[in-house]
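I've put the structures underneath this note.
Below, chain A partners chain B and then partners chain C, in two separate complexes.
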Partner chain A sequence: MSESLKFHFDVDGDNFVSAGQASVQVKKNLRRLGLPPEIIRQVSIALYEGEINMVIHAHGGEADVIVYEDKIEIILADKGPGIPDIELAMQEGYSTATENVRSLGFGAGMGLPNMKRYTDEMKIESEVGVGTTITMCVYLK
Partner chain B sequence: MNSYKHSVVLDVDKCTGCTTCVRHCPTEAIRIIGGHAEINTDRCIDCGECIRVCPHKAKKAMCSKFEHYLHYKWKIALPAPALFGQFDGLDDVDSVLQGLRDIGFDDVYEVAKAAEIVSGYTRVFLKSEGIKKPVISSACPVISRLISLRFPYLKDNILPLLPPMEIAALEAKKRAKQQHPEFSDEDIGVFFISPCAAKVSYIRNGYGDYKSNVDVVVSLSDIYFLLLGAMKKNVTPQVTSEAGMIGIGWASSGGESSAILNDSYLFADGIENCIQVLDSIENGNIPQIEFVELNACIGGCVGGVMTIENPFIAKTRLQTVRRYMPVSKNFLSSDINFVPDSFITDSLPNYVPISRLSDSLAESMRMMAKIQDLRKTLPGIDCGACGAPTCRAFAEDIVRGLSNDRKCVVLEHEKNEECEADKNDG
Partner chain C sequence: MTVNELALKHSFEIVSMPTPDREVRGGYVGDLLSWVMGRAEADNAWITIMTNVNIAAVGALSDVAVVIIAEGARPDAQVIETAQEKGVNIVLTDKTAYEVAVAISADI
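Entry: the complex of A and B
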């Protein structure tokens, strides 16, 4: 059974105010599919953190949430600066966000760690100067 | 699932099917069917938004009339604190309380008094170990129902205390029985003077397994007009008020929060704002706080659909009423450290996945895929002429078998034009 359902979002890097909208929309859609509240929460938090990261660091990008019968996949792809040291970036509290962004309450260095915490699998592919693609997976069973 | 009794009623003769309520409903519960509005009772949260926006006054909150319940031998009024914000030039709560006795109530138990008790126990509860923070107020029934329908993850955050109205009803009955042991339960009638439709539904349906102790709900605006007549008689009222600034403060947004006596709280009002705040709490995207107060009506209870005055004017009037009041007249001891069982409710509303398309995930996914395909064919202008609030909701209605695409006037118009063009070609 390979049926799947895809939700696609363009994450606008120039409009900080709209960051987090994809997460709200996905939450609504997952509710309509009748998924358990805990799963919905995991996916929406992981997506939210990813969206914010793309807006802060990469001038936006694309987010896809693909629902399969046994799992939900979240793919975040951007053409941003790339992550030079992924291990360092995964450390809680490590952040390269600007002062400006921090003053808004972001940049606590919890984005990537939270994405890992709330998903069952997470893979980061990144090349400096080319971009970053993060693939996350939440299992339904 | 259809057993939930709502309190919004429609006057079919006045409803023109104009779609104003359809577009304003925060849960997309209303459709125009057969020329007038119909509410999906599973989705309705009793927020009163449709009553507020209806340009034809076709929607009303269903309430009882005081004069129909005079058979109770002992009638107790439970005035919501919002009542005191309705009167111009009022500087003394006692004259309203006197007025309530003059129009026929035998006793008055201020909900503001119960609110001070709830505030006291909230402070105690916030200090307990192992509770989920932020604690979300249980006072607004719209918010409790919204959480049960849309934010199930947050249901353990709801303050497990009965709302002030219920505690007032319990205490008022207790007092009546102490003072008048000759009266039986059936003789005593507790009348809540309500600012909103949601409390009416709460009382009719209970809260989870909890059954309300209020017997009759009367509209605040009805009582207001009765009081206007009674209060004009220039008599000095008896001094009976039992609430202070904290209790009266509950009438407007922020009042309940300020009564937790520390600054670790958030308060929001207006249903859309409340939904956004709940979304943020669910995402873990708010600062560390202890307490969240959410009121579905703008301005808080003073913004209820059964009030008379604009919520902001009412709030300003309450500031005058509150002046020279003691901070609180209840819960004065600081060494109370447990909440009595009778005030606790562990009866939380059950999660009802109303927006779920189907019981089976595979079927839901197929339906969602159809909805997505259908949306691409719809004009996307959300005109409402089909009777649904948005093209998306319309697509969902079609896939659920509740509507059909011939109801889209834009598509029909395009089809007609194509027909015309074909004819001309031929």
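Entry: the complex of A and C
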């Protein structure tokens, strides 16, 4: 499988104003590649939810988007507090976000479920006190 | 109906209109951003009372045709600038979210 393109972003922690920069940039880049709009929408929403999660919970992190011939891979890695109960975190409506975060319209407990909804594969590796890495794939064929 | 036609017909105040000729198809009402990203569809009119800067990113990433801010809420200049940069149409109205949805339903 040949790797065609890779985009790397540092996600700034605790900054809701700049959150989404990686996603909007990826959206532009994928458009330039001529990918179908629905695929671009899936990838950019999944990435944005991941970015927001890293801003809310992990003081930022790193995001990589790799475009292959047959799929797009999104890797989000942070050194945040980790997720103690992944099954619980995946439930729609479950959230540990603060009131302040909720007042911005986030923290509805839909971030991880949306990432799963918009991707074909999703793997969460997390260790409490060490960090979380989420790998997602969207198939192109 | 295009975003521009919709705005003129319903006397919405235009604050960001980088793509006036975009067609609007269907709509979604909501203020919780992840619900919007999970449920709104591309080309929708998204009706909300949220005005913080994240609506520009959510509008762009969800690929909605227009963000209609209801209830007389007003985004600040930075939000409008960000929306223009990201190619997001934003209009304002004093109507409630419900009234907007009812008013535009026949047009979209």
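Everything that follows uses one rule, which is that the second predicted complex is superposed on the first by the 139 of 141 C-alpha atoms of A that agree within 3 Å, B and C clash if a C-alpha of one lies under 4 Å from a C-alpha of the other, contacts with A are read in each partner's own complex, and residues count from 1 in each chain.
Just so we're on the same page, contacts are C-beta pairs under 8 Å (C-beta built on N, C-alpha and C of every residue); 3 or more make two chains touch, one makes a residue touch a chain.
Because the structure is a prediction, the values reported are computed rather than measured.
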{"item": "Room on chain A for both chain B and chain C (clash or fit)", "value": "clash"}
{"item": "Contacts of A:G61 with chain B and chain C, given as first, second, both or neither", "value": "neither"}
{"item": "Contacts of A:L104 with chain B and chain C, given as first, second, both or neither", "value": "second"}
{"item": "Which of chain B and chain C A:Y48 touches, first, second, both or neither", "value": "both"}
{"item": "Contacts of A:L5 with chain B and chain C, given as first, second, both or neither", "value": "first"}
{"item": "First, second, both or neither for A:R31, with chain B first and chain C second", "value": "first"}
{"item": "Partner chain(s) touched by A:E69 [first = chain B, second = chain C, both, neither]", "value": "first"}
{"item": "Which superposed partner A:V17 touches (first chain B, second chain C, both, neither)", "value": "second"}
{"item": "Clash-bearing segment of chain B, relative to chain C, as chosen among 40-48, 202-210 or 256-264", "value": "256-264"}
{"item": "Where chain A meets both chain C and chain B, residue numbers", "value": "20, 23-24, 27, 37-38, 40-41, 44-45, 48, 105, 114"}
{"item": "Chain B-facing residues of chain A, complex", "value": "1, 3-5, 20, 23-24, 27-29, 31-35, 37-38, 40-41, 44-45, 48, 67, 69, 105, 114, 140"}
{"item": "Residues of chain A that touch chain C when the two form their complex", "value": "16-17, 19-20, 23-24, 27, 37-38, 40-41, 44-45, 48-49, 52, 104-106, 108-111, 113-114, 117"}
{"item": "Complex interface listing, chain B residues touching chain A", "value": "150, 152-153, 279, 282-285, 287, 351, 353, 355-359, 361-362, 364-366, 368-369, 372, 396"}
{"item": "List of chain C residues in touch with chain A within their complex", "value": "31-35, 37-38, 42, 50, 52-55, 57-58, 60-63, 78, 86"}
